[in-house]
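Presented below are the structures under discussion, each in the form of structure tokens.
Next come two complexes built around chain A: one with chain B, the other with chain C.
Our next item is the complex of A and B:
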């Protein structure tokens, strides 16, 4: 706790309720996520699970293409899936907090009588899951480089583009998680999986394994307003270079254009999630369901 | 300018809409608070006394900004509970009795430190207060124990410390001694009294259904039932209301299972209130009579019913008697199923 204390006792953090709430919640989230009594379970959760799930896709690809893992399209699909690990971790990491605090730890009432900033508290609680997701992401990409010779080298990565797009991507994902979490303020416990369900459903619209152009025209707009579409494209360009011709959807856009679009969507989501959070909080208190426990 | 009252409510109402299990059209309305009007002075230890379902916890939830009222208004230190949420939360804490909540993997110290951070305390101040308060409640040596390893009583003490760590100007104590053993409950009561003595401008709102606790601690108290404030005064003044009446405890031979037995006794002229409780081998009657001479009529009525007198005791009125007279039943007769609301 001492290093965290030093950070939290800096004048900036002491003055800012939002920053203090975020960092304290991040500390709490890390205590919860890192509390693995058995390191073997942690390894299964953060390493074997993502690697295992991506291997299923690799097997399918290998069967269909007769083992053409050296084709550029393979690296493109592999990375799309590896990066998508973060989507589920961040969205459900934030959205799950409300139900976790309300139903499992039953601390929601205690927390919400303190003057903490609830919005930044939720964001902070999601940080630990994001870090676990990042570990899984790095391991999965590393596994791909070693096992399937993905054409990625540390020197060849466009780091500024990768970092900028990933930061924006994570912010937008966290705000989606926050919107879902806000809605669960008024819902019962059995909606716990809504974060996972939504991140799973949006997989289809992100361009992770196939281009949006394949989707029926009526469904394509979903992909174009989903920030992950742009983040995946930018992160793949940063790691692999220019987009693959099989994924032409966003090929006409420059990196700067895509970054701008992602930044605008993220900014809109930040504002919208703030509005939804406050509105949901108000409605939950108006209906008297704010601290309901529904573990039936 | 200082607000007039630490707490002020005006015609405060709260109705819950309870949906039926299957059909949306089955919504029922539950009146948890019904026109509650209260004023609590700064520096007071103010009690809310009432049975389960009376509306006590609902009132605390509204005052602590966790619930919006359906009607009326409520102010904490002059601030509106519906608008000035953050300002109010900086000044208040809430401790509920019987809480089993908490992040089990944190130690007592870590949990309290985390809450101190949410109240804006720096680490050094937080640590000093944690040690001081844990010492007061006698669990300083357990500060590195994980919450999951704590007994209910120790967890309750930890939550109690949480309520005072931010040095609040107002503390809501919702049944704070619920589930505590006699010694721990006494320690908590002593701490509350000591804290107010040392902080004369601070206010405590206490809900309890322990009459003795309310009598011992509260400067003033309100008796609430079914969402209504029935009376509000000092414990002494409330008891004084009954001083012209005669209060008796009678033990008689069993009256048996006659549903109208209290009504029959109540029909005797001069009997103001009666509660009947069946014990293993006898029946206990708690009587409030307009005057002592009425006792003869009661005894002859009981004799006619074939019940012999085992013992008779005249006593000073208690808060329980006041409660019975106001509400028409004992405090431990749970009516939450008829009045609704949550646990209070």
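Our next item is the complex of A and C:
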């Protein structure tokens, strides 16, 4: 009996439709993500893109500062970009499921004839991409520690803060992905670029690679709406320790304050994404666009 | 009884010409058909370019570096277009069932690839112009053009070589199957890095820059920057004239390579029965 079957047969999973949908979707997502290529190409794909992306910033920084990678701001920029890998993977991972199932595999209709919980199915499908993102994140940070001597040690990491903030961060990102996925249900065009576009926009407004204070004053508040801003700040603080200088934007806030803000935003997003999903599903069915194949 | 007018059959160069424009048509007309693409394809990609500009601002870099990002950000439109609308296109056409129609039609496949390139250049140029204009105005980038004619020549040759490369990739990706999607993904950021989209490629060191010169945008971008930002003449990788010469060679090699690869892969695909096979 496979491991997956054993998990599915446990009483808790058998009783909960949401949990069953989530786990099945997570397994399915992993099969889709990992079975497309040989392991070597899969590994290269998971590493080369994020490392390439981060090295662009390293080169920009090095060209201007003559390689002053020991400066505190470098570690902040590096980690901001490394952590941002998860943002793209989770947001796009969840929202792309609609496109994959509707346009590529053309199974959305059949899926919704089963007794699954659609909300938790989407969340589950995003897990595989999140795992790929987590592997890329660990490799990228490891690369930074070895190649650029980032001041991170296993003993020096504030693990409770890192785990708590990352769990909240991933929940909030998944709900953003779910909101985008829900909107995608009703879109005929450009749906494939919405997830990437939103994660691109967050790159600018979340203070991932530069302090928000650099933005014009009128644009700064945009960054404070998004949970990514708070998660990135908390994760960087947890990884670098309390003595490491931070970006000035949120310096006045304690870890507890930031964690509370992140928790509140995440809770609001969970509720809002549930509402949006049900509403979008209803509208998509009502308008007859739920299972359209645009080939666009 | 009225006689049915005789349809003139196109052959040779004429057929090639008609086929090319027939394939370019949906891309050209698509620009005007649905305006919403402007938002998704131009406004949103601006964000990434602007983010990199703010990194240089945070590091208090010289003003020319903001210009480097703007020009590099504009050129990403062409690279993305080559990857997603050229290299992967024949594979997608195969998946959607269009490839079999192309093959059954009398038009040569090379003309179809060229039509994709012509349409793609226009689409990408539109996006590039918007990135260039908006960012230049927002951040007050100052350009100094020594020779406008040379600048245009460099751009045209770069595009010819780049889209020639896209045509070659399209043939190869056709055989690559569904991994084409992932290979395209893989070729985004790493190429932005080694080709120096956001900083002078010379900073990567001689050997990396030389290796990266196989991508026409590396030398094209370097030459364009040398012509547009003349404050520091030591920033260029090679002289503009030498870069132009290498780009001409690349253009010839890629287009000839694409024609050869397409013929070869078509033969293999027909023989093995995999040319129009779909795998989901």
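Going forward, the second predicted complex is superposed on the first by the 286 of 296 C-alpha atoms of A that agree within 3 Å, B and C clash if a C-alpha of one lies under 4 Å from a C-alpha of the other, contacts with A are read in each partner's own complex, and residues count from 1 in each chain.
Here, contacts are C-beta pairs under 8 Å (C-beta built on N, C-alpha and C of every residue); 3 or more make two chains touch, one makes a residue touch a chain.
Just so you know, these numbers come straight off a predicted model, no measurement behind them.
In the superposition on chain A, A:105 contacts both chain B and chain C.
Considering which of chain B and chain C touches more of chain A, the answer is C.
Contacts of A:215 after superposition on the shared chain: chain C is touched, whereas chain B is not. In the overlay built on the shared chain, the residue A:200 is in contact with chain C alone; chain B does not reach it.
With both structures placed on the common chain, the touch criterion links A:293 to neither chain B nor chain C.
Of the two partner chains, chain C is the only one that A:77 touches; chain B does not reach it. When the two structures are aligned on the shared chain, A:63 is found in touch with chain C, with no touch to chain B. Look at A:48: by the touch rule set out above, it reaches chain C but stays clear of chain B. On chain A, the surface touched by chain B in one complex and the surface touched by chain C in the other have residues 105-106 in common. Against chain A, in their complex, chain C makes its touches with residues 34, 36-37, 40-41, 44-45, 47-48, 50-52, 54-61, 65, 96, 178-179, 182, 185-186, 188-193, 197-200, 203-204, 280. Contact residues on chain B toward chain A in their complex (touch as defined above): 14, 16-17, 64-68, 86, 89-90, 92-94, 96, 99-106, 110, 113-115, 117-120, 122-124, 159, 162, 166.
On the side of chain A, the complex with chain C involves touching residues 36-37, 41, 44-45, 48-50, 52-53, 55-57, 59-65, 73, 77, 104-106, 189-190, 193-194, 197, 200-201, 203-204, 209-211, 214-215, 295. Residue ranges on chain A touching chain B, taken from their complex, read 1, 5, 8-9, 14, 17, 20-21, 24, 27-28, 31-32, 35, 105-107, 109-116, 282, 285-288, 290-291.
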